[in-house]
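Just below sit the structures, each encoded as structure tokens.
You will see chain A twice below: alongside chain B first, and alongside chain C after that.
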Partner chain A sequence: MEQLIEQLKAQIIEALNFEDMTPADIDTDAPLFGEGLGLDSIDALELIMLMDREYGIKLADPKAGKAIFQSVRTMAEYIQANRTK
Partner chain B sequence: MVHNGQPIAVEATGEKMLVELYRRFAGDYPKFFKMDTLSRLGFIAAEILLKEPIPSDRASRQRIANSQKPTAIILANRSASIKNDTDYMATISDGKYYPSPALFVYTLPNIVTGEIAIRHQMQGETSFYILDKPEDLEPILLSTFHTASADRKNIQPSTSALAGWCECSDANTFYAKIQIIWNN
Partner chain C sequence: MRIAVTGIGTVSAIGITCAQTLQSLLDEWSGIGKMYALSSNHTELPVGEVPYSDAELKDLLGINEPMPRTALLGIMAAREALRTAGMSIANSQEPIAFISGTTVGGMDLTEQHWADYQEGKAIEHIRMHEAGETTRIIAKHLSPFTSHLSPFIATPSTACSSALNAIMLGANLLRTGQAKTVLAGGAESLSKFHLNGFNTLMILDHEACRPFDADRAGLNLGEGAGYLVLEREEDALARGAKILAYIGGYANTCDAYHQTASSADGEGAYRAMKGALEMAHLNPADIDYVNAHGTATPNNDLSESVALLRLFVDHMPAVSSTKAFTGHTTSASGGLEAAICVLAMQHAFVPANLRWSKTAEGLITPVCHTEHKPLRHVLCNAFGFGGNESALILSAEGIDLSEAPLVEISKQREVEVSDDSEVSTFVSPAEARRMTPQMRRIVAAAKKAMQESGVAQPDAIVCATQWGCMLQSMRFLQDMIASDEQQLKPTPFIQSTHNTVASLIAILTGNHGYNATYSQGKQSLACALTDIRTQMALGLIRSALVLEFDEQVETWDQVLSLIGDRTENIARASIYICKKPSIYQLIESHKSQDKSLFVLRFNPEHPIFAGHFPGQPVVPGACLVQIAEDLLSDMLGHAVRFNSVTNLKFRQAITPDKEVLMTITEGKYTIEDNVSHVMYAQFAATYMCPDSDL
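The block that comes next holds the complex of A and B.
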């Protein structure tokens, strides 16, 4: 799980173009939206694309995104349970 | 890189130059890193231009102080948002259909005017023109300060405008020359 979390942080940085940020700068349990990383709705779409592209996960229910994208840890847990690649 | 006639030394080249200038002249606006190159270029140019109060004479400063009228943002270039359009196209080619929403939102050149308006809370009109050359912008700028046309008669004329050329054709080829112009 820890390896997946670190990999996911690097992928988030690349997908969202946070080029001066390192994985160590992202708190695993901090909120991704609002506080914490302060992501917006466009970033949410990027994260959905990232999960599809890298892990073969298609989010069929947009409402589920709120729980999945609470933090990097909740994302990683969902990916581990649902990844197809 | 020149500001008010004074050269500004930069070490980085290409797109990295804009990041270097961001860190030097702004540094407090992380949304910069989400912007496409054209928006970064316009954003940085405006940051540097607006670092100091622009008018040097008392009359202009007083006019601003007394004015409730907004400042317009009017930019133009020749290549529209071609650099970002190309980047976006790359995300939907070669059989890997993963279009990037973050790139898509910048596939219009006028987004840069919005980014500047939000950053500096400029509430006047904003517009972006695709023109052959910078000189073609002059008659457009003149019209900004008049209310003669029917579609503008209910709009307060701007007292000033951040205006100029903001061109980005690829990651290493960009040029901006902007200034504040006043309605005397």
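The block that comes next holds the complex of A and C.
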């Protein structure tokens, strides 16, 4: 799990263009949207695409992302339970 | 002056003539279905396609040469508009303007021939990638008046509001005497590029779309073209043309909220609709029908509903979105739907909002089936990426719009920021995250220009770009081709539209003003300056931020090198102001300070108006006209004489306190050089006391 979390942080930094950030800068349990990283709806779409591309998870409804993307941990948990690759 | 609509042309999934379009609307026949001409892997997505292949369209038009599909659709609709206008101007020497919005332009050819270009083949299509080239090609094929089109061609590219912005610029050119005949609207073909782009945003319905429905699940992409022929009423009457409708009012604002989403309070949409009503001197209750933007995405329809409810409150007119018929024709939608509004007015019906079945909190309830009723004033909305919101009012009655001679403009400041450390002082890491390096430079230049000139909130932001945002466009295009239309990232698509830069700056600076982008080759800047100069003359704006933007992209340069061309890095921001304030600017300036120029008192039993100015003593019995003349003379620094008293028009209303409220709505004045100007409205907010001592 910890390995997945670290990998996911690196993928988030790359997908969302956080140029000056390292995985250590992201708090695993901090909210991704609003406070925390301050992501928005475009980022949510990027994260959905990231899960599709890297883990073979397809989300048909963007609204479903809300619960999954609460924090890096919730996202990692969802990926572990649903990944197809 | 009154601007008459004397011709319309429509091409879309529901017809390639106005007659077919009308019949489909009345029959409630939707054109949404499986793709036929578009060759995409996403066949699961329904589209509103014009049911002819490019070869079939060329046969219909008698054209052999290569051109983008957008141009084919545009030629078809533009020719019809001229035909319905009865234009026989082969020998005309009058200035004509052709203004046609598009964003896709020749992207269909670029995506089809990308592999060819890598092998040095099919190079005759390369130049057509540019949005402005599509407009030039359409203009060239508008026989018989092609040879007279040269005076003015422009391509507004503000994503889905492009065509309405084209109509606005056209009206402004007429009002400032820069054109005698205007053909304005927009064209857009389907492309794999923007079908995949919208798909990455997850806003495409996999069934036929349901605007304003509680269970709506997104839009269907459509294609088509729509144009209006505009001319002065007196010119139309003089040549015996039939007047189909009048331009009532219009406004372009920026939501200044988000690159793709509309704000929860619908601020930009509200401002656009309100601005159009104000220009037309109409009240919300005067509007009989709203052709909504109504894309059927959860976000747009809710935000637009909020804006409509804010504006109309208890007087909600009939509302429908005809996108359930045509799909979302993106840059063409404003032109197509304005033409549909004219058809609806002529044939006295409200088009249906197909497939609506259920309401939800906050949503307006649209008209589900064709309603037959006369329509006097109709509002047409078109909103685009970047929060570019536009609204147009079409009227069955002539509505007077002010006119003005052109004014001189001056450049206050021109700024370029190339040093990366200086860029970072103007653009924070959070702001910069999604921007390409060149976008960061233009944003920094814009902020610096505003700071140095002291114009923190220019009334307009207008961008000139030959190729648009090429780095993101090329990223998306290459990913799409390499991946066979799978697993694409949304950000490059969102930032591929030409208006990305101008809207981004509005979002970052909270600027709700006029926002436009022109893509017309090397003439792009000239188009932008014509726009702001025209609006300054009319008093619609006083200051403008003008952006020149292009970005050098290696992959595209390799393609361009095949035809001996290349791209350049340009990121220049300039602040322009009007050299001399015009009467309109004085009026607008008073309005913005919430001051009235005149305070009038009116005794209903007394034949003469009397008045005074704020802070000055009442002049009993003095003639309002004289006071108005003196005041205006003083403010303008030269003698102002109204032509006659009868040219002053008033509007009155009784307040609950039985005061009579008076507003001067129109006046004609003559200045020293005997150039006659007409000024309308807005220059007096007034009150009257029937119990006054007059």
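Methods note: the second predicted complex is superposed on the first by the 85 of 85 C-alpha atoms of A that agree within 3 Å, B and C clash if a C-alpha of one lies under 4 Å from a C-alpha of the other, contacts with A are read in each partner's own complex, and residues count from 1 in each chain.
Keep this in mind: a residue touches a chain if its C-beta (ideal position, glycine included) is under 8 Å from a C-beta of that chain, and two chains touch if they have at least 3 such contacts.
This structure is a prediction, so every number in the text was calculated from the model and none was measured.
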item: Which superposed partner A:Pro62 touches (first chain B, second chain C, both, neither); value: second
item: First, second, both or neither for A:Arg53, with chain B first and chain C second; value: both
item: Touched partner set for A:Leu4, first chain B, second chain C, both or neither; value: neither
item: Touching partner for A:Asp20 - first (chain B), second (chain C), both, neither; value: both
item: Touching both chain C and chain B, counted on chain A across the two superposed complexes; value: 15-20, 38, 42, 45-46, 49, 52-53
item: Sites on chain B touched by chain A in the complex; value: 19, 30, 33-34, 96, 98-102, 105
item: Sites on chain A touched by chain B in the complex; value: 15-20, 38, 42-43, 45-46, 49, 52-53
item: Complex interface listing, chain A residues touching chain C; value: 15-20, 38, 40-42, 45-46, 48-49, 52-53, 62
item: Contact set on chain C toward chain A in their complex; value: 200-202, 258-261, 429-430, 433-434, 487-491, 494
